[in-house]
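There are two complexes below, and they share subunit A, which is joined by subunit B in the first and by subunit C in the second.
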Partner chain A sequence: MPLANTPTSVPVEVDEGKCIADKGCTVCVDVCPLDVLRISDLTGKAYMKYDECWYCMPCEADCPTDAVTVNIPYLLR
Partner chain B sequence: MDDLREGLNEVECDLLVIGGGTAGPMAAYRARKKNPNAKVILLEKANVKRSGAISMGMDGLNNAVIPGHSTPEQYTKEITIANDGICDQAAVYKYAQQCYSIIEELDGFGIRFQKDENGEYDVKKVHHMGTYVLPMPNGDTVKKALYRQLRRARVLISNRFMATRLLIGKSGRAAGTIAVNTRTGEFLVIKAKAVIMCMGAAGRLGLPTSGYLYGTYENPTNSGEGYAMAYHAGAKLANLECFQINPLIKDYNGPACAYVAGPFGGYTANSKNERFIECDYWSGQMMQEFYNELQSGNGPVFLKLNHLHKDTADHIEHILHTVERPSRGRFHEQRGTKYSEKMIEMHISEIGFCSGHSASGVFVDEFARTSVAGLYAAGDMASVPHNYMLGAFTNGAIAGEDAIDFAEEVDFDDFDSEAVALERERVLAPTRREDGIPPNQIEYKTRRLVNDYLQPPKVTAKYELCQQRLAEIRDDLENRMVVRDAHELMRSMEVASILDCADMAAFASLYRKESRWGLYHYRSDFPDSNDEEWNCHVMLSKQNGRMTCEKQAVQPYIIPIADDEKDAYYKQRITAQA
Partner chain C sequence: MVFEPFEEESDFEELAERLDDPDPAIRRVAVLNLADTADPEAITLIARAISDSSPEVRLQAAIALGEFDGLEAAAALCEALQDGDSGVSRAAADSLAEIKDPHAGEPMLALTSHQDPKVREGALLGLKQLRRPDALANGIKAMNDPVPAVRIQAVGVVGYLKAEEALPALIAGCRDDEPEVRRTAVGALAFSKSAHAVEALVNATADDNWTVREIAAEVLGKQDSGTRASELMGLLEDPFWQVRVKAVRSLGKLRVSAAVDKIATQLDETVSNLRKEAAAALGEIADPAALPYLEKLVDDPDPDVRKNVRWALGQIG
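== the complex of A and B ==
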């Protein structure tokens, strides 16, 4: 059977103005236990690639520029 | 990142520790301390800095045996009773004797524990009988402090490698592991003289009602690989039918934590604002009362703090919102719920395996040795009951010290290189398909069936239906699962472990034909406990390629339990309401 992509709103939000991934920072990608964050080839900034979040918050706590916010995802609100 | 690459490397070490959460770092650290010449590798699927159940820290110790407050004898007795008599006391007693020295060691690492005005540990009573709960005011720093010690002890850390199968040598000893890089799919074979598994709970077994596969009570990286790998290596697993089920905040996957609130006067209440259990310490017996209340006309169940002074309620809220699961604060903020104003609705978690809270684990003795020579287990995946974080640290330390001595005495046990080739093929099979079923759908279906059929109350006919359906899913997993990148490859291996754990949960539960541990193993068609037949461990293992269960006698008690104490944990319900 063929595969399709289904849209989903994800909890991790990155402020691209503050994110310094384009200068080589990978802290949030490194610390995420679920390994769901990546650096975008397009923008050079961090983003949440996979909707597999535990809302645990190391990405937000360890970000050196306070660029990351972990929101409570919609189904839990 | 994530593109699949071909690759196979091999390294050797004296001791391999798999899992860098709580028990693993302590095991590796203590092994290096004991034998500074030994080569110790710590393998971690995520990153040791922030991995495991205490990724964001912990708000306190749930089971601290501190001189002047409690004794190892009292603690051993309490846990034996809480675990409904099925307890090899030697491991619990040893933990109870050693955990105080671990607290002092952690204190030396800079992890502080609450002290009173006289400088004494400020231990609180939460359990039914004894006093064992010690708050940790800077509990958010645990992982940082541990990581610093690992670097100082020069433990070799390999992050983002997921172990998939243990290697067993020709003389039957643990010989290492096969691992896959979670971002490239390249293989790593690690040869070792001894292996310690510290791979956490099987927390992704039941499906949270929120609909999020990863919205589990446990850190969802803890998907049961330890249980599955130990099983395939021929190790015995104990009491898997003693599920973990915990009280949670409704919708939010963090614990409701009457532990934290209890000492300040908070408690679990029903919808009539009434307390219905005397003791908020988590046990199967307590969960049965919780479940009964939830289903009754007095349900649902709440965490009640709104009778306390606002400053007290706010203080508890502050602790709960900063450590262990800090997104809890954000959850309540969004809902507009304040602990000081109204009761907080609670619910029960999905099922899992986790000896940290219950007793389901790879069987170990008081040296953390499994039934396979040279293979150790510690933390949530090892069978020492009600272990919690301090148990993971203490038993990790015990495992590290015993294993490094074992490694000193033996040479590498040669293994069949064919095993590596076969395992590579098993792991990579889904990457060779053009289309098929993605891992997340196989996972959803497996875990939905776990909820539909395996969640207590346990019913024989439902369990047998579940086994048939799980066999169909196994056929899909082995023949039709498709994987497109390295990240999905990791998920595909996790779902294989989840399916193994679901099968083991069903098999062990059907074997024990009685009810025990309250809700954890409540069988509607065998509602009573039967000490004559079942006052024993149920050991599950793979024999001649087939899942098998057998009885194993409970070791004679070191600390005797009087007849009138045995049922203390069944006397939790408050009968006369004030």
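== the complex of A and C ==
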């Protein structure tokens, strides 16, 4: 599975100012069926670790602070 | 500092402590973790968060209580419904609508005459699904509420009871100033086969608002006598195709042979949904008089229409 090295290019972006993973939230990590999201040891915030995505959206919908944005490619919209 | 993700979801003691943490984000996550336990014992703790100082925590608690049922959750949600923060009260109303236990209706009944219309609306929304016969009086009273959104929910409460005693109120609702109230009231008449209900439905076929005529056309199809076929046939002249679709369906369900020629006029319509439903209705009526009309449509460009035409031809034999 390819590792996402450049965080800005991955389809799922997390607004670190809003994310409360450092307070114990793991909602997006738990709902993702592909298990591609993680909480960073470095920042304590959620991020997309593996650049694989079904664009199924629960990470965005269930995030309690609206921190997750799934950028759906134009052709899939 | 980075917290370890919460693993022991059944550890209520630690979660209770987190609910008292000075950091609202920690309290919010504690509410999320409590909801994840799906253990009814969590309700008492989540209910505590309904009076948290932070609106985000109260919001999370109002959302979380929607995952539970019963009187305790409903009582806390009724409190949240009166929250000064509109996001919290809206979430509480949504969660109340998920409550299924009729015993949980008690605190909602008390709020149907609250001074704040949003509270009255939310309480009625919650009561609707519970189908408590003792909610009838509250519902009927609220049908005269000055706020249309409250009247809409009130009609829902009264209509869901499917009770003949509610009929006069529902018939009055069919004459409400607000189209959405009329639409809901007309839809709610489906349960009654009484002459008064049918009369109100017939009046609704001449309503100014097309969505009211549409639901009237649909509900008339559920009244088992074909004696109202002439009103349904009249609706086939309606300027709105949505109304005509429902009239066609109802005429098919009621197997009104006299309507074959009128239904067939809908087979020339550009809206393929109309052609599809008209073909189905002609199949249901199964009158050989429909054969020439249907045969003209065997090569319709829409596969769904073709399918129904083939089925209808088979019904007629």
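In this text, the second predicted complex is superposed on the first by the 64 of 77 C-alpha atoms of A that agree within 3 Å, B and C clash if a C-alpha of one lies under 4 Å from a C-alpha of the other, contacts with A are read in each partner's own complex, and residues count from 1 in each chain.
One rule holds in what follows: a contact is a pair of C-beta atoms (placed from the backbone, for glycine too) under 8 Å apart; a residue touches a chain by one contact, two chains touch by 3 or more.
Please read these numbers as outputs of a predicted model, since none were measured by experiment.
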> Of the partners subunit B and subunit C, which touch A:Cys56 in the superposed model: first, second, both, neither?
Replying inline: first
>> A:Val10 in the overlay: touching subunit B, subunit C, both, or neither? Say first, second, both or neither.
In response: neither
> Of the two partner chains, subunit B (first) and subunit C (second), which one does A:Gly24 touch, if any: first, second, both, or neither?
Replying inline: second
> On subunit A, which partner touches more residues: subunit B or subunit C?
Replying inline: B
> Of the partners subunit B and subunit C, which touch A:Pro64 in the superposed model: first, second, both, neither?
Replying inline: second
>> On the A-aligned overlay, A:Arg38 touches which partner chain: subunit B = first, subunit C = second, or both, or neither?
In response: first
> For subunit A, which residues belong to both interfaces, subunit B and subunit C?
Replying inline: none
> Which residues of subunit A touch subunit B in their complex?
Replying inline: 1-3, 30-35, 38, 50, 52-58, 61-62, 70-73, 75-77
> How about subunit B: which of its residues touch subunit A in the complex?
Replying inline: 1-2, 46-47, 49-52, 55-56, 160, 182-183, 210-216, 219-221, 251-253, 325-327, 330-331, 334-335, 435-438, 482, 487, 490-491
> Residues of subunit A touching subunit C in their complex?
Replying inline: 20, 22-27, 29, 39, 41, 44, 64-65
> Which residues, counting only subunit C, touch subunit A once they are in their complex?
Replying inline: 1-6, 18, 23, 25-26, 28-30, 32-33, 56, 60
